[in-house]
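Structure below; questions to follow.
So that you can tell them apart, the chains are marked A, B, C, D, E, F, G, H, I, J, K and L in the order they are listed, and the count of residues begins at 1 in each.
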Amino acid sequence: MTEHTYKTIELTGSSAESSDQAIQNAIAKASETIKNLHWFEVVETRGYIEQGGVKYWQVTIKVGFRIED
Amino acid sequence: MTEHTYKTIELTGSSAESSDQAIQNAIAKASETIKNLHWFEVVETRGYIEQGGVKYWQVTIKVGFRIED
Amino acid sequence: MTEHTYKTIELTGSSAESSDQAIQNAIAKASETIKNLHWFEVVETRGYIEQGGVKYWQVTIKVGFRIED
Amino acid sequence: MTEHTYKTIELTGSSAESSDQAIQNAIAKASETIKNLHWFEVVETRGYIEQGGVKYWQVTIKVGFRIED
Amino acid sequence: MTEHTYKTIELTGSSAESSDQAIQNAIAKASETIKNLHWFEVVETRGYIEQGGVKYWQVTIKVGFRIED
Amino acid sequence: MTEHTYKTIELTGSSAESSDQAIQNAIAKASETIKNLHWFEVVETRGYIEQGGVKYWQVTIKVGFRIED
Amino acid sequence: MTEHTYKTIELTGSSAESSDQAIQNAIAKASETIKNLHWFEVVETRGYIEQGGVKYWQVTIKVGFRIED
Amino acid sequence: MTEHTYKTIELTGSSAESSDQAIQNAIAKASETIKNLHWFEVVETRGYIEQGGVKYWQVTIKVGFRIED
Amino acid sequence: MTEHTYKTIELTGSSAESSDQAIQNAIAKASETIKNLHWFEVVETRGYIEQGGVKYWQVTIKVGFRIED
Amino acid sequence: MTEHTYKTIELTGSSAESSDQAIQNAIAKASETIKNLHWFEVVETRGYIEQGGVKYWQVTIKVGFRIED
Amino acid sequence: MTEHTYKTIELTGSSAESSDQAIQNAIAKASETIKNLHWFEVVETRGYIEQGGVKYWQVTIKVGFRIED
Amino acid sequence: MTEHTYKTIELTGSSAESSDQAIQNAIAKASETIKNLHWFEVVETRGYIEQGGVKYWQVTIKVGFRIED
């Protein structure tokens, strides 16, 4: 049985819709170029404000993926 | 007037739907066996990824409840 | 080009609906009296529990705004 | 000589009198049902305010006790 | 039922007497100008030393109050 | 597919031999009474010193297990 | 001898020149409207980048001042 | 006007009486051998438990003192 | 004398044997593709549990390496 | 309007001159190979000492850049 | 019964062999000049890398000892 | 090749001039009595304010030095 190594990168996704969707957008973008995305962890939730409401949700996540053997 | 004591436990709820629902699932599960659930606090938001999207939201919360006198 | 100064205040919004809406409520309330609200950052997500579910989401945020020159 | 295992639980004690007494109350309550309480560590000191003074001191502690062999 | 917004401010109270009294002093001072003070949370406990003893206890707290609707 | 809930407890294991063994001892003790132990995470590594060496390694871990449906 | 109360506010100063100057700018701005500024503490140092260099240093500080008796 | 340098050391005081007294005991002990003790800051509050109550309060503080020119 | 720039990446190594070996495995894997690996720092030690023992040690480290001039 | 994704990397810049210059050096080096550098945030400020003075300032920063669509 | 005062110092031990041995080396070195060493706590685990492996484990610990009455 | 032990002490340097100079002053003062000063790490940057500007920069650093064999 193998002993894998994982790499973690830090991404910030943004969405006009919701904090969950900002996470989904970051993961969708990362999966265009990285295989084996495995898990994520929220680091920080921020956002930009316009006219008394959230204009952009910006969620920073760590995303882990398995390094190919 | 009484001076209550509260106990805090740490739970991780999971949901395929949303981060808020993962919290609701953990609380619903805990309320099956614990009375007097009072408040929660988010400790960590993580999740598993499949096919470029969040497969499971996993939110770890502290849940506080009053110890019976 | 000017070098602005920003002030950050800490607010806790509450909502019966969702954690995102608790943030929106705090920002809407603050924008009644403060101009130039610029960004927010989540400090803590808590909530009150009733009958095995979340009765109130309570999200504490830092909100930054530009001080008028 | 034996190698013991300890368990830590998190409690919040409250007192109208002082922060130290809130800790004593939590420990007294816990000792009604748990043997071998060994040490505590303060996690957070909070309180409720009424009429310009502290109505209730609320101190959250971790309490450690030895698991019976 | 309403969804209130709370504001948190950070104060440092000082007392020659005790750490608890430093908190009481900060809350008493704040309640002269702010209505609806609701809760506090200790951020930091410091003090000045003279002649081998504590001359002033200085406790920094966050104090929360409800914003009027 | 089900959405499980996990509970996390905090244990301190001790060992005269090594820091890894202190973790193993805590897990072995916990598994005597809890089924479905799933993962652990190190919170703190401490120890007692005698005669210029480590007498006891004491490692505090969080241990997670699945709550039975 | 009196027991003062201090209030702490959080400001972000910006400067094209240096991180120290960003702090000076925030303090100069605050002193236009607040008397008795007493101390500051750096919370975070950030900045915006343009053309391979720092365009704006942005330093967030806590600033403490004595509340008038 | 001179630009002093301060050194900070970490001490744990213990007291059977109160958490404040544990701090006083540590400062009194340190002042037997160190001149110019200036300020302290609480790092951690712990204690030992016997018979359902606090046997010893143990408070760890950082203590700062001016280095002689 | 030159002023080097270093990059830090975050890796999680796993090992069935020990926590130290999990770190060695992550470094060995990284050194297959990155030159000039210089130092590491432990971020988190976790593991998976099977049959009352540690099945896999999983240690997350930051690894720093010099960027080629 | 688009919803961008940002990536954050961690760099340590060094300078014999000043802490600000160590940051500038890291950003200058990164901009040789990465387009769209957007912001930085200081993680840690360290340095090497020789002959009673700072020989090298070493500042670790997170640098964020926009991922190309 | 006496109320002791403890002092804590911070040491970094190094070892080519293992992280546990780096701790042992620091404690052995300290015990050459300090009596009454009592406990330690790990602050940070780092190391230097050469040829795809750990050349030196470097573990920073806090070590506590009782101050003589 | 030897396995050195290092000790870390915590100092606060002050300077009317700049935050970097406050660090230099602390290191210069320490090097009067300690040999083998090796590295420093910034713990906290604070300062005193007078007349709308920084009167004293006060930077707390950890300084590490090799213990003589």
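Keep this in mind: a contact is a pair of C-beta atoms (placed from the backbone, for glycine too) under 8 Å apart; a residue touches a chain by one contact, two chains touch by 3 or more.
Remember, it's a predicted structure, so these values are computed and weren't measured experimentally.
Asks: Give the fewest steps needed to get from chain E to chain J, where each step moves from one chain to a chain it touches.
Replies: Contact-graph shortest path, chain E to chain J, evaluates to 2.
Asks: Hey, what chains does chain H share as contacts with chain L?
Replies: Under the touch definition, chain H and chain L have K as mutual neighbours.
Asks: For the two copies chain D and chain L, what rotation in degrees overlays their C-alpha atoms? Round to the nearest 5.
Replies: 120
Asks: Comparing centres built from CA atoms, which chain ends up most distant from chain E?
Replies: So the chain farthest away from chain E turns out to be I.
Asks: With chain centres set to the mean of the C-alpha atoms, which chain is at the far end from chain D?
Replies: Between chain D and the rest, the longest centre separation is with J.
Asks: Distance between chain C and chain F based on Cα centroids, please, to the nearest Å.
Replies: A distance of 38 Å separates the two centres.
Asks: Between chain B and chain C, what is the separation of their C-alpha centroids in Å?
Replies: About 22 Å, centre to centre.
Asks: Quick one: report the Å distance separating chain F from chain H, using the average Cα coordinate of each chain.
Replies: Inter-chain centre distance comes to 32 Å.
Asks: Could you check chain G for residues that touch two or more other chains and list them?
Replies: Correct list: 9, 19.
Asks: Check the chains against each other and report every pair that touches.
Replies: A-B, A-C, A-I, A-J, B-C, B-D, B-F, C-E, C-G, D-E, D-F, D-H, E-G, E-H, F-I, F-K, G-J, G-L, H-K, H-L, I-J, I-K, J-L, K-L
Asks: Would you tell me which residues of chain C are touching chain A in their complex?
Replies: 19-20, 23-24, 27-28, 31-32, 37-42, 63
Asks: Which residues of chain D touch chain B in their complex?
Replies: Against chain B, the touching part of chain D is residues 9-16, 22, 25-26, 29-30, 56, 60.
Asks: Residues of chain B touching chain A in their complex?
Replies: That would be residues 18-19, 44-49, 51-54, 57 of chain B.
Asks: For a test of understanding, state which residues of chain I touch chain J in their complex under the given definition.
Replies: So the residues of chain I touching chain J come out as 1, 3-9, 62, 64, 67.
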